[in-house]
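Labels A, B, C and D are assigned to the chains in the order they are written; within every chain, residues are numbered from 1.
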Amino acid sequence: MTRIAILGATGYTALELIRILLRHPDAEMVALTSRQEGNPPVAMIHPSLTDRLDLCLEDLGPTEVASRAECVFSCLPHGVTASLVPPLLDAGCRVVDFSADYRLDDPEVFAQWYGQKHADPDRLGHVVYGLPELFRDQIPDAPLVANPGCYPTSAILALAPLLRAGLIEPSGIIVDSKSGVSGAGRTPKMTTHYPECNESISAYNIGRHRHTPEIERILGMAAGDKVEVIFTPHLVPMDRGILTTTYSAPKGELTEERLLEVLRDFYADEPFVRVVDHLPGTKDSTGTNYCDVTARVVRDRIVTISCLDNLIKGASGAAVQNFNLMYGHPETTALD
Amino acid sequence: MTRIAILGATGYTALELIRILLRHPDAEMVALTSRQEGNPPVAMIHPSLTDRLDLCLEDLGPTEVASRAECVFSCLPHGVTASLVPPLLDAGCRVVDFSADYRLDDPEVFAQWYGQKHADPDRLGHVVYGLPELFRDQIPDAPLVANPGCYPTSAILALAPLLRAGLIEPSGIIVDSKSGVSGAGRTPKMTTHYPECNESISAYNIGRHRHTPEIERILGMAAGDKVEVIFTPHLVPMDRGILTTTYSAPKGELTEERLLEVLRDFYADEPFVRVVDHLPGTKDSTGTNYCDVTARVVRDRIVTISCLDNLIKGASGAAVQNFNLMYGHPETTALD
Amino acid sequence: MTRIAILGATGYTALELIRILLRHPDAEMVALTSRQEGNPPVAMIHPSLTDRLDLCLEDLGPTEVASRAECVFSCLPHGVTASLVPPLLDAGCRVVDFSADYRLDDPEVFAQWYGQKHADPDRLGHVVYGLPELFRDQIPDAPLVANPGCYPTSAILALAPLLRAGLIEPSGIIVDSKSGVSGAGRTPKMTTHYPECNESISAYNIGRHRHTPEIERILGMAAGDKVEVIFTPHLVPMDRGILTTTYSAPKGELTEERLLEVLRDFYADEPFVRVVDHLPGTKDSTGTNYCDVTARVVRDRIVTISCLDNLIKGASGAAVQNFNLMYGHPETTALD
Amino acid sequence: MTRIAILGATGYTALELIRILLRHPDAEMVALTSRQEGNPPVAMIHPSLTDRLDLCLEDLGPTEVASRAECVFSCLPHGVTASLVPPLLDAGCRVVDFSADYRLDDPEVFAQWYGQKHADPDRLGHVVYGLPELFRDQIPDAPLVANPGCYPTSAILALAPLLRAGLIEPSGIIVDSKSGVSGAGRTPKMTTHYPECNESISAYNIGRHRHTPEIERILGMAAGDKVEVIFTPHLVPMDRGILTTTYSAPKGELTEERLLEVLRDFYADEPFVRVVDHLPGTKDSTGTNYCDVTARVVRDRIVTISCLDNLIKGASGAAVQNFNLMYGHPETTALD
């Protein structure tokens, strides 16, 4: 039984993580942190947890967290995280970090996209990117795992096999993503106020979304070459789910059959990637840790479609998948 | 051409009012007030008005408003309004008030339900309740019209004819209402944050909603007797629309045919109330100034169903209906 | 390991049942029936099951089903079921029936509400109603369990403790229910066509819904008296969830504290009923087997609110709860 | 007053057309056709029209239609239309056709994409494409106007000015469109069944959607060159609205300022195209005849975003705009 702390337990990814861990036979939640006043029971903040988890939210520092827990899931925002991770690691905890702080390998790229200096720059480049489909071997022994972003997971799982096989051009890749609103977090804002975003779709942060360098870095590793993407996220009136449509240029002749075969071979032994012939909808994977992927050839362009639940395969499910690998549990525990 | 000012122009009822007035041949909007900093063009706040209305939001006092406008639509919250109405009236403006400040006739009832002393108590009891279906005669000459609440309109239009005809008992009336989220206003809150209220229905303020005394007062006038309602509002995941289901006890035998006949007779000449045989959905009246009403008899109880668009017949459409009556325009102008 | 067959496996309750059983350590699905042509893999019909369940849909008769399975979950419509249950029972199967065929105890009441003669009338009155909170003792040995309807479960769990305690009047009880669209089944119809029911709420079958006699029968057993309800179901634009608001008259003085205390005592040992102080939304129980219940007193009327997921506690979760009781598994297996 | 017939009056575009024409001072609807049995009042099919339009649906042939109406709006499906248009034109009617039958200029391209021989092939190439922003001069005298498709309108309004100005490459243009569900029509299907498409986004008909050759033809006219697009439509859980994101390669250096300037110049006098700086959501134009357009430059690619209401600017609003031009009414009549 691994003792677990969750930092920043008021958000949606934390809630989803708690739901998954409640089904995990070898995980025991022992601390939930938040700056909420008055140490409320977690069910006061997340009523769906009533009678299911008897813990209070506490405003704990790294030392206190480390005194209780072996494994820490940090659901804190970027910037904050990188100042907490070093003391947690020093105190012997292992950490799965949901923020973007350790997903890039270059502090300058971080500073450019996140508008702040990195608090723990020397560690960048030495942290495993927690996408088991690409980096499974490095996860079991990792003290710190950078849990991937939701958009990057959807784009990378569709494109990495094609880039690694040298089938598509690494530049000019278009990533047109559509996400449910939970991806915007749990703090009320005008853009996520129901009467504003319901019955409406809109694009945001075109060319400026912070997941861009993350997608480019990991796809670049798959391609063995510099990758450039044009990334356009859209907000869709639904709770969860991401559908990512990518467009890229093939290197030479390429049939749909070949594309699907390459994808199927790549993911043959993967428990959570399903290469499908039909065009998947996000609902097929909602509530699960699956990512559905397919591909088409249209007028000499490669089109891929990938779908996942942004809170599960795009966040908390992936985190538990990493946890399972880190602690030697079957990878699918609590996720099927 | 009547010169119009709209106070509190950033909210949803104001936006809907502007949309309607843009189609009104005899209304000219000359001032939009708000405490927004920097006098932004209204289209900055309401992008749907881009290229449609060339006015800026201004932080204007009553004197300035009165110097520009003849008719003032006040979309300000309760409490604020009652301190602005007296100077506006004194300066010669006529006012249609969207707040609850002048809908009750007893300052003590106001204080009890709204938790504050009324700022203009002497006027209470002398202000017409702007529901043309019940008080049309008093509207043309009114300097001030209290525009009805959205829930009250839906409940009153269904029940007033039955109470006036003495067909149902005035006590123990159950009013179970279901409203779209725009009724909660345009300020982001946790309860109206998309991932919280989407795909969920919930009741709120059971027995404590401030529309209760308003419903009881107007139904009491129709009944000529004290009316007591049990009012339960629910929040429904949709932008607009209210469906109100009421349950009451008949006085003596009562058939469905008789019920519908009484309703049809009562509304025979009304342009905006449709008595229907089928069970209406809110979508039938969304975007219109109609209220659809029907009735059933079940196990010796009277059940009524009424539907309207909370932002139109429940707010801004009713306000323009009142405006038309006040200024001698055909009542349906800009509303059909 | 119990061998399980699911009859009528193409619908939403069957899909939800499969999802739950996939997590059950002691259940093995061995047959899925349907009249679909060509024995398609179940994932062709339910793409979310891709790579999760390797079974095909088959058009099997009772003998074939009984030769493979010990326990049969029948998700077939009413009327059809009552002709299949006898041969299944005769062949030694135990059956959990999702239809209404065995929920009533009087063939004439069945005929009156369902418009057809019952095919197995002698069994009525001898079948346990599978609501463990009321009839747990009778379930372990039952060869046939009538799985409760979704609306009835929400109404009964709120009202039965109050009626049993003699706190409320058994007549004139108003049950105003609001349901998500999955309750209407998986066959496309105009009323469930997205642009018709999205952004709209409507009432349907007022006073004529077939769950009425089921609610009255079970509440009557709790009250030890004849119970009459006025039942009004509404269709709400969301996938899942039922919120039921009931209104009843207290017998004598009754406080909110007393009401909640009675409910809490009644459900003290129940794993899936949560008596809460706050007003629950359906989202709190979506995706779970919980039913949330609370109560209020308004102007001498009792108001209860209860929420559940119509496909889980209102159907497939309850069925697995019954299965667990029937086969001696811990009652919460696969449900937490 | 122009006498108007609407063919195929049961669908969503017809309903929207009726709503608009009810506000038109110079249009009188005199016939609504449908194959519905029994000539029901139109309000039986479209309850929102109760008390608003006193016409029955009739199964009328072209001769009867022509005997009553001067102008015919045909909302019939492709294939059917081309056999009805010739007799209507011969009988002296003018026709606005909502189907795709007269949008292409080559019967072979039609046969290839629509899978059937064209019934009136000689007329192709001689019918004006009813997009006033590009072909206004040809509309006033046209006996027959091919009303544009919803997706094409959104793509063409964003790209035509850039192609005409020679700013972007005409090949390899990616058109990634997202549409509300009303675009799929009013016939219930599994893909538009509420619990299937709600809370889900999916792509469909990738590279095979029939609007592809229409987009290519009209953009080709703007470019003066062959245009090839990769077109991917997506179904979004909302009633109405299309957002189209396009990606293209600039010819030479191109700044965002220049892009927006070219668009603004092109649409300077257009009443219904708004070139905006911000990223529009579909809700900004829902319920209106506006199309909102903007553009960005990302990593040397041109990204455009355009939004419109698929039932209005994408169908019935455009049709009335054409009608206004055909009959000499101010172009914005009934549309503002």
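We take it that a residue touches a chain if its C-beta (ideal position, glycine included) is under 8 Å from a C-beta of that chain, and two chains touch if they have at least 3 such contacts.
Everything numeric in this text was worked out from a predicted model, so none of it was measured.
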item	value
Label of the chain whose CA centroid is most distant from the centroid of subunit A	B
Matching chain pair for B-C (criterion: over half of the contact pairs shared, by residue number), options A-D, B-D or A-C	A-D
CA centroid of subunit A to CA centroid of subunit C, Å	36
Distance from subunit D to subunit A - Cα centre to Cα centre, in angstrom	39
Whole-Å gap between the CA centroids of subunit A and subunit B	46
Contacts with 2+ other chains: residues of subunit A	180, 197-199, 237-239, 280-281, 283-284, 286
Subunit B-facing residues of subunit C, complex	172, 174, 176, 178, 180, 196-204, 206-207, 228-230, 232, 234-241, 243, 245, 247, 279-284, 286, 296-299, 301, 303, 305, 307
Residues of subunit C touching subunit A in the complex	22-23, 47-48, 50-52, 199, 274, 276, 278, 280-281, 283-288, 290, 292, 336
Complex contact set, residues of subunit C against subunit D	12, 180-182, 186-190, 192-195, 197-199, 237-239
